[in-house]
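The letters A, B and C name the chains in turn, as written, and every chain counts its residues from 1.
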Amino acid sequence: MLQTFASSISSLLDARALGHSLPAGLYTREDVFEADLDVFFRRHWICIGLECDVPEAGDATVIDIGKTSLILLRDDDGQIRVVHNVCRHRGSRLLDAGKTIVSKLVCPYHTWTYELTGELSHAPHMGKGFDKECRSLKPVTLKSIGGLIYICLSEHPPEDIGHLEHVMAERLAPYDVRNAKVAYETDVIEHGNWKLTIENNRECYHCSANHPELCVSFVDLDFGFDPETLSPDDRAQAEEHFELYAKRTEQWENDGYPSAAVEQLVFCSTNFRTQRLIISGAGESQTPDATAASAKLLGSITRKDLGDTHLWGHNSWKHFMGDHAVVSTIIPLSADTTLVRTKWLVHKDAVEGVDYDLEKLTSVWVATTDQDAELVARNHAGVEDPAYIPGPYSPFTETNLDKFATWYIDRMRAHGY
Amino acid sequence: MLQTFASSISSLLDARALGHSLPAGLYTREDVFEADLDVFFRRHWICIGLECDVPEAGDATVIDIGKTSLILLRDDDGQIRVVHNVCRHRGSRLLDAGKTIVSKLVCPYHTWTYELTGELSHAPHMGKGFDKECRSLKPVTLKSIGGLIYICLSEHPPEDIGHLEHVMAERLAPYDVRNAKVAYETDVIEHGNWKLTIENNRECYHCSANHPELCVSFVDLDFGFDPETLSPDDRAQAEEHFELYAKRTEQWENDGYPSAAVEQLVFCSTNFRTQRLIISGAGESQTPDATAASAKLLGSITRKDLGDTHLWGHNSWKHFMGDHAVVSTIIPLSADTTLVRTKWLVHKDAVEGVDYDLEKLTSVWVATTDQDAELVARNHAGVEDPAYIPGPYSPFTETNLDKFATWYIDRMRAHGY
Amino acid sequence: MLQTFASSISSLLDARALGHSLPAGLYTREDVFEADLDVFFRRHWICIGLECDVPEAGDATVIDIGKTSLILLRDDDGQIRVVHNVCRHRGSRLLDAGKTIVSKLVCPYHTWTYELTGELSHAPHMGKGFDKECRSLKPVTLKSIGGLIYICLSEHPPEDIGHLEHVMAERLAPYDVRNAKVAYETDVIEHGNWKLTIENNRECYHCSANHPELCVSFVDLDFGFDPETLSPDDRAQAEEHFELYAKRTEQWENDGYPSAAVEQLVFCSTNFRTQRLIISGAGESQTPDATAASAKLLGSITRKDLGDTHLWGHNSWKHFMGDHAVVSTIIPLSADTTLVRTKWLVHKDAVEGVDYDLEKLTSVWVATTDQDAELVARNHAGVEDPAYIPGPYSPFTETNLDKFATWYIDRMRAHGY
């Protein structure tokens, strides 16, 4: 007989063995998915977009997270706001998915009308005693960190976002992401649990076999390797690479560009890691030949050799290079599907076909994202198989996955699971 | 931690505040949907079609309500019957969806054969002792009220259908719906809970912003307005309209056409409302220019100025005009999808292209139904959002929604929830 | 009020009345489906394919059963193996659905590499202490019975497979299925519960009304009839047929071909039935005119008049004739969908267009399978209807369904339900 009652989420958390991938149910069960949405997408800070998604007053874009629909907009004073896309009358959606330009937010159902600040300014036939004051659109807590929009849907947002803010405000300043331009954007739906998407992103163990385009500019060794498995030649090359690393980091720091790794990956609320990484080959950018894709560099930057400032969060990864940036955010759609939204940023005045070629700008991460979607789907299918048992992470190339799994368990515990 | 056990349906019913839309769960939860199907579509009378859907002996049409499939047919004696579309052998469906003409009901699986009365007349290889008598197709309790087919799937059908029958038999008589012709029929699937479909139908607060075609002939003021919000001009016009109303109603009643509002909307089993409404403009019919679409009037009617006799039930709405009628019934498909089936009726001898133009006949309610589908979907999406909280109904334009919500709660309570 | 808690599976099993089809919930409920998968597709022997699906060393084919994915392959020594399609690292699928040729099994994610025996031979970056020995692909218990592959996913496979093995090894020997060729293969998804698929296969009560093509060669009387319902002519014909049966069976047995019915249908783990059946008309094969489709006969067979050796299991049915064989296996996909996979086998040296015409070879069972899919869907839809009540099996034509239902209940009880 099958166990009539599925084991509790708590016992799944107990079952996790250090150094190993998570028990299957944590990747596949619907109740765990609902808990994940609540813990990691409502009670933690998540990155949902960019100031430059809404460059002008009146620009608005809808972001759906599960059943929650948010409007990210710029109000008449140029201030960024996020409000819930739910009319305070009978709950109708105000805006459809996608981008739009608005002077007011008018509900199409009964024309209740809100200012861009969220205040209700018009509600016909509601009578004299009706109090508009208490019917503003519900606001959402947000922080713009160097132009990246972080929100928290809880009333008690974790305070350790401060560390991320402190570190990244300085590192992102030269890139002026706030005033960049979104040159291209893709939505890819991965057929896998969001944690497999994040695990996939946090190791480059799979890169050499799967990402020929990315490997031109990306150094898979950077995220760990087993020295014993390298040939003498490869080991010599690795040692050379790490010497170069130390040298470059020192130079960048001396030039005023903070570069050393900063990470807050376990026993914290806000999970992040940043480091200025070396770009291989031509050394400029994550493009097919590692040269810059955009002639106009980002923000106030004047040199192409600033490497790749990477930033991880638990729902995003980003790469800031001299000429462009790539920003990916993820939104879980169900236990086994995850939306990966990727944006390519260039200087706001860069002109397609003049300053940059769109194909060159986007092709590496378009290919990499598609390849990863394939791998995550394959991983999820196997994790759903009754024959799956958690396997060992490599102690060299997958230590960050082990940390992520540990953080995940700790956060679930912290929220009562 | 999320609450492990969802709140009970009973506590959702408790949570409903008078004057406000329902708590989200009552619109969205699967367990509530199952309860709704049981209470409102099995234990109450519902309108499922028309006598003129099956005008001749042997005509049959299949009507699916959830997993329940019914055959509405006219037997050899011209009697209307409704039987379950389930063979008494191993349960196979007898008829496919749609309309057909039959002399017997023969199960395609093993050729068990039933008369149009439902009696089993042939069952091969069942042996001598086999008792055909107790294997008739299961019959369904039905009432034809002026040609409208009401059924109740329970063994204890509510008795207060009598009031509806008494009122409508007289009002519908001149239209002779029993012998009308179905000129056109549409099925529209709305992506919303059936109660949002009904709420949408019971107010015209949303009409002016959404139904330009309907507003030519329909008077949105009829279903309430806030006199304070009207300009002096509009208020004068409204007063004029209601004077006209009183005069017209008196005239119609004097001419032998009952017209005053009759309603049974709260604290009853069978929910209905009827009234003879004024048609705007040319005053004849709900068409693009408010003139009659069919030259041949319905039944024994000889005048085009009889307004619009509307009739609501909890799963239907109908409009009977001099030249044609529009009859909509709804069938919930899931917590978030609802089938709206609409039929346009004309005199049985009216000929398309001669007596009526199909486009003129149907265009107003085709457009209105599509517009409402859009609004209901938008409303449902918002109600599913964790940010939704029940909002206030307008005390002028949405009093009938408040009554519907109150009736809903009362009926659920009456059935043990 | 609806019953808040659905009745237990055990009470559904209790509710089954002898001589009647199963209570609805046993065909429709998701929890019963999960129990069925566990009891009948993990703890019993099931037929999943053929040795000749993978004729050469390195041939591999993926078979998915629910979330379980298996690789059936022939290793370098020509041995048939079945292993789980789940990498021992983080669980990724090794092979995609379909057939392929491999020299090793290489996981595309991180290139962990397995020999065709399942042994892990390469796992980079795992460090010195890593033990490859305990990371072989999980093997599956299998038996090839005359070239038919039976597996059991449980650690305690039922022992009474021995009876099937003993009986069929001898009967199948002349057909040399092990070295046959799969000439054609179809996958049909039936919209019904797997038990309805099996019920449909175990009676020919529905044949005359639904399978004109099959009835040319198949004798529906063979699986029972009510003598009372036959006309004197038909009864004389039936008696003649059964005399012929006795005579033919005796002849075949004298010629060294075991032919009498052997069945193990109730109060056993492994459910099967076999018998050499007469072919009607030309008497050779299940083709449109009942003559052989392939000029080259199977295995060592030299005569076309050996009838049809049929074999049932609880997830398969098969017909072995002189010139070809038809093998169908079923895999439940959900409570209401079932995959029927059918293969047509001919002598390995038979050449399409020379020795056999593919259309003639396949058309009867292609048509029959499609017709059955229609009937099963119709049956399932009715069983889901709240109006369904279990109906009586014919005591003449459906005794094997009664036995199957009885076996089903007994097996569920044996596994703790």
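Going forward, a contact is a pair of C-beta atoms (placed from the backbone, for glycine too) under 8 Å apart; a residue touches a chain by one contact, two chains touch by 3 or more.
Each chain and its UniProt protein: A, B, C = Rieske 2Fe-2S family protein.
Everything numeric in this text was worked out from a predicted model, so none of it was measured.
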Turn needed to bring chain B onto chain C - CA fit, degrees, nearest 5: 120
Classification of the chain A:chain C interface as same or different, half of numbers criterion: different
Averaged-CA centre spacing for the pair chain C and chain A, given as whole angstrom: 48
Where chain B touches two or more other chains, by residue: none
In the complex with chain C, residue positions of chain A that touch it: 1-2, 21, 24, 199, 205-206, 209-210, 224-226, 228-229, 375, 378-379, 381-389, 391-397
Residue numbers on chain A that touch chain B, as the complex places them: 34-35, 38, 66-69, 84-93, 108-111, 124-128, 130, 135, 138, 415-417
